[in-house]
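Right after this note come the structures.
Shared between the two complexes below is subunit A, which pairs with subunit B and subunit C, respectively.
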Partner chain A sequence: MFCLIISLIIFITSISSLNNEYFFLKKNLNELLFFKFFFAMLSFFSLIVLFINSEFSNETVLNNSHISKPLFYKISGTWGNHEGSLLLWLLILTFFAFFYFLKSKNRPTDERLLTIIFQELIILGFLFFLLKTSNPFNIIYPVPKEGLGLNPILQDPLLAIHPPVLYLGYVTTSIVFSSSLAGLIKGNINNLWAKDIKKWVFISWTFLTLGILLGSIWAYYELGWGGFWFWDPVENISLMPWLSLTALVHCVLVLEKRSILHSWTVILSIITFTLGICGTFLVRSGILNSVHTFANDPERGLYILFFLFFLIFLSVLIYFIYEDKLELNNKNLNFYSKETSIILNNWFVMYFLSVILIGTVYPIFLEVISNEKISVGPPFFNKLIIPFLIPFLIFMSVGPNLKWIKNDNFSNKIKLIIIFILSIVSSILVSKFFGNTTLNITILLVACFYLFFTTIKDFMKKNFKNYAQTISHFGFSLLVLSILMNSIFSKEITSNMRVGDEIKFTDKIIKLQKLENTAEANFLKLIAYFKIEEKNKTDLVLEPEIRIYDKPETITSEAAIKTDIFKDRFIVVNLVKENEYLNVRYQEKPFMVWIWISAILISLGGVINIFKKNEKPIL
Partner chain B sequence: MYNKKVKLRALFLFLSIASIILIVFLVLKSLEENVVYFLSPTEIKNLNETTTEKIRVGGMVKDNSIQINSEKINFIITDFKNEINVIYSGIVPNLFQEGKGVVAEGILKDKNFFKAEKVLAKHDEKYIPPEVKASMGEE
Partner chain C sequence: MKIKLIISIFFLFFTFFNSSISDELKLENKINKNLRCLICQGQSIYDSQSDFAESMKLVVKQKINSGMSEEEIYSFFKMQYGEWILYDPQFNTKNFALWLLPIVIFLVGGIIILAKFGVLKKR
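And now, the complex of A and B:
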């Protein structure tokens, strides 16, 4: 209740801090930023308290909570809904504004202030949005006795931390965005700027990687489709900023080391942030025809759309006005250099980005102009992205082995060729072993193995420093490799079964032994016991569950997954009406666990980079 | 006589334009091949001829229409004006229930009969497909 007032105070303080920047300059900006963060924190915590106490006089709590819900999900329910998640977003924004100001003491004062001004602009925009369309502190009178409950599919430990992690990633891009605009205006975009902003780019990239990973794992075991990526619009939207951020990570490194690519870095930071906001807009407005769609409100979408256009317009305007302040680079690029291979890979990343963008936005576009509803499926993305992964992977393996500026002596050449032959041999062996006959996939395997072996070679090198990059690249090769194996060699069977029924699957017999009912805190549980018999092996019992929630009335399936290092055995059951038949799906997915491991390795590279000391630039 | 740098630049420009054109062409071509149209039962009724392409049908699962045996599930998708019979063997999502929204992807056998390869439902029990909302509003 009182938090509405606090939100207003934040709003006033932001305006005053805006003014202060002009008039009193930095005198007490630090305190103001802290106060703002403090107030945002206060309102966020009071919302959590409201959720814990199940105050149903609050509309957000009413719509998303329930007395019988476990405490953990009462707390996570705070950001499991639109209003609360926006408040979280705002909290992180104010925190980073404060944190940036603390950490940027070595930057020119006017650049810091400008960064904060842009940051304030973003905060203000979201604050208005929050107050106008989705105030989390709306009061309901008379007070209802019971809440409507949180969507049970969201009652999951992974999904409790997924949004905060993803938001940390998104919001950090706003700092990069503000800082690059400020640097642009002041003509400060140079290798020193790159050195300082690099940390922020890595923080953002790491969190975004982890956020996407968490979402994927959740989708894998909760949605029961047995996959982890569906090229669904909502997923694509989180991948797009990640791609442009990946390009930015590399670009910033080139800018730091070689003092080239100034404008490209600025453009990339603008693109990344815009894509992040764009994602929020598309998800929240409901114009996407996605399977992940949650109920939503068009007014909200409209507001974000305006805000988005305003920001794009502003940043493009600033870019064109101040573009001439950027240092021109007259340095010649040598083809056999690290920076050339990074630029080439940047192009590939931009290509992947545009394919995904077109695939995601085209259906909306078509619906607006011709009222036809379409969806773009996985074949589109697979077809356009997979072939281009081959040169991408090869550049990724050769690039780090080249030197900055110019590569004169090709001391590595022989080693690289040996590794290339080795990877051809191993991919042919793998293809033979798994009975794969497609040439394209064998070629892709070669490229994968090439990166795989080159990174391993780098690990074994003497006095070797670049752990972060090698780990991330190694992780990436492992990721592509395991996704490939996984998608080619997965096997599955679906059937409808009664108790006592059995089905044959390759050389196994799957038997539904019994069903069991139990009551849990806020749901009823139906456990199905499946026995999987395989010749010469001990029987495996899998116990998938069906959970029947009361508030709101929903059924969810919990898959039973048996993971080992070679494959996942995945079984999920579903209730179809109150029928004696159960809808059953059994899958064997090879190398599933390696997909998660490799994504963790990729982000580990980012973590190492955040804590790494800066090296000297080679100009 | 142009110097080396200008030549290099021209080559670069030419290459980038060529690759952009190639990419646009590729993307558009595969878009054409891979889009899946989304239709409501009423729109299917109004089709002049049935297509053999993959489509998506969206609407509500009709009350008391789900039938299940060991091989397949039969149900009816309705938009409260017209309806279509769906036959499906595979896994259904959790929110696949009578009276709830559903999207089925598959091939049209004729105007009353749809063979689904995939059945999708939404995460949110309050969600109603937009086209169903629209047709309910008209009534």
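And now, the complex of A and C:
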């Protein structure tokens, strides 16, 4: 136990020596960074060991674990709480600081050192935060016999990997942030810098995409609402850095190829990282009213708020001091060029970002100012985002078909027009075939199909090399398309049932056959057996569960989902109090699996980009 | 911009459900999705199974059966519990910034981009 605290002390000293003596220790920096990473790892693994052994003398373990919990969740419980997850955050931060230093040998030394200093600032901030407000190694005496247990909805394999993946994404943005500030001070922001930082941007973007996807899948089957995105504040907060990263991903490409948009790239890097910290602040402080709020404490919130303001202040200051060092150039921008379409992309993405930011933060401000509470929910976001998606999708399909600098002859023009007509026809067909759609949906469908077909066309092009971009864009069109189909064609029924009851739903009969009680290691479960009969098809048996956990005492519903290519069948039951009925909700959600597939495709594009060799810039 | 807003509002009206379910049920689900469950953490009463949400759902059903329109039901709940209960914020003096700010930002962004092109053209 005590060795851990000592390790933390060594940890601090190594960092402070790093900060003070960086000029003298240039050569040893590598080792110091490694030591720091090593000690962070040591403390993290000791925390895992404590969790595995259920050492309830440790406060964190006491609050988030108990003896009868399965081993897997004992381990994942390490980062399923505030203190542990911060330690994980720190571990990843130190790892990336070390890794960056190893991998950036081709950058100027002073720029690397400056990057590391900014990185150390961030690490220091979080380390003090950890030690001051949320030390994972607080000791409790006398030693309690049993822990309080981990929130059951967090006991899930997907949620075990969701935070680390998301953190990998967040933390890499800090490297982008530090590096862009360092580059700014040294006047190194140019196309070569963009080439080097690009990898980091893509790493971060890929992990963030995957992290959000995992969280979304988890919400789909675990929270039992049958939805995958709720415009919940915490989800919005994870989406905001993703959006600005998406803008950055595109913008950094322009900087690399054309050596324009220097200042915008720096601003975007700053925005991305601050949004990440801002997200941590809003989640941890408990200001937001969200299903995800499971760790909050005003003191913590205050600390992060100060830290956030400090970072924003620092970066803005640095930006304005060193702004003149940025290369200004007035290269001619042609309207029909790839860079223009990327600027348009940035414009729309920033708009989406502002919608989400304002929608999330506005209610907080309103409450502070006028003491009135309002809710901003899905209808708001849908109304403001969906109409803008239509031009966005069209730019997204035309843009990649334009050339850098200038497009003189439109060799693709005819093809693009043909595809446009094709997409109009197919969306009309879809609307006619399924009926019940409106003009507006049809227009959105046209835009979706347009991107869909253009990307397919791009795949089939001869001597085609830009797989990464096309895959991601294709994935995005598929994503919007499946979300759209899903929201139009979802069907559902809710009813109260007893054993032996049956309900009719379209051409199906849903029967509740029997209930069964069983006891598991750390919960009791009630399984309901449903049979779904459909004409000319084999019967389907679905087994949703209700789980009653004892530590902490919670009742959760586990949905039963039957996934196939075209639709998900989703059934969830709840206990209705004071009688023996079960509340049953049965949903048919078309193209559900395609939403996940398309998100995987989107991130696959990022993965390809990470491993792709660099191309020469066109200046 | 106004037209776009109107279009999108219309769009939403029709997005939610398919015709195989009766219109009344559709309306009921839509209203349920737009009402916040006051004792839960960020769930609509549609998604929640708490006692409060269940009784709210019953109230919504009754109101629909008694012939109240969607807007009337919203204003009824607003009277009872305040604006907090509505997930779809209304456009009024308090909230106009909420609705207009993103669009203003969009326009400003557009102006900046246009200016960049414009300045370049002069040279």
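Please note the rule applied: the second predicted complex is superposed on the first by the 595 of 619 C-alpha atoms of A that agree within 3 Å, B and C clash if a C-alpha of one lies under 4 Å from a C-alpha of the other, contacts with A are read in each partner's own complex, and residues count from 1 in each chain.
Following the convention adopted for this analysis, a contact is a pair of C-beta atoms (placed from the backbone, for glycine too) under 8 Å apart; a residue touches a chain by one contact, two chains touch by 3 or more.
In this text the structure is predicted, and so the values were computed from the model without any measurement.
A.B. asks: In the superposed model built on subunit A, check whether subunit B and subunit C fit or clash.
C.D. replies: Subunit B/subunit C on subunit A - steric clash.
A.B. asks: After the superposition on A, what does A:Ser487 contact: first (subunit B), second (subunit C), both or neither?
C.D. replies: Touch partner of A:Ser487: subunit C, not subunit B.
A.B. asks: Quick one: classify A:Glu372 as touching subunit B (first), subunit C (second), both or neither.
C.D. replies: Both: A:Glu372 reaches subunit B and subunit C.
A.B. asks: With both complexes overlaid on chain A, does A:Ile343 touch subunit B (first), subunit C (second), both or neither?
C.D. replies: A:Ile343: touches subunit C, not subunit B.
A.B. asks: One more residue to check, A:Phe99. First (subunit B), second (subunit C), both or neither?
C.D. replies: neither
A.B. asks: Tell me the contact category for A:Tyr529 with respect to subunit B and subunit C: first, second, both or neither.
C.D. replies: In the superposition, A:Tyr529 touches no partner, neither subunit B nor subunit C.
A.B. asks: Under the stated touch criterion, which partner chain does A:Met497 make contact with: subunit B (first), subunit C (second), both, or neither?
C.D. replies: In the superposition, A:Met497 contacts subunit B only.
A.B. asks: Is A:Ile386 touching anything from subunit B or subunit C once the two structures are fitted on A? First, second, both or neither.
C.D. replies: Second partner only, subunit C.
A.B. asks: Regarding the shared-chain residue A:Glu553, is it in contact with subunit B (first), subunit C (second), both, or neither?
C.D. replies: first
A.B. asks: By the touch definition at the top of the document, which applies to A:Ile153: first (subunit B), second (subunit C), both, or neither?
C.D. replies: first
A.B. asks: Jot down the residues of subunit A that show up as touching in both complexes, subunit B in one and subunit C in the other.
C.D. replies: The answer is residues 225, 289, 291, 293, 332, 351, 354-355, 358-359, 362, 372-377, 379-380, 383-384, 574, 576-577, 583 of subunit A.
A.B. asks: Please name which positions on subunit C make contact with subunit A in the complex.
C.D. replies: 4-5, 7-12, 14-21, 29, 33-34, 36, 40-44, 47, 49, 51, 54, 82-89, 94-95, 97-99, 101-103, 105-106, 109-110, 113, 116-117, 119-120, 123
A.B. asks: Touching subunit C in the complex: which residues of subunit A?
C.D. replies: It is residues 225, 227, 230, 232-233, 289-291, 293, 330, 332-333, 335, 343-344, 347, 350-351, 354-355, 358-359, 362, 366, 370, 372-380, 382-384, 386-388, 435-438, 440-441, 444, 487-493, 506, 574, 576-577, 583 of subunit A that touch subunit C.
A.B. asks: Can you list the residues on subunit A that touch subunit B in the complex?
C.D. replies: 151, 153, 223-225, 286, 289, 291-295, 332, 351, 354-355, 358-359, 362-363, 372-377, 379-380, 383-384, 494-498, 501, 552-557, 572, 574, 576-577, 579, 581, 583-585
A.B. asks: Along subunit B, where are the residues that touch subunit A in the complex?
C.D. replies: Its residues touching subunit A are 5, 23, 26-27, 30-31, 33-39, 56, 66, 68-73, 89-98, 103, 120-127, 130-131.
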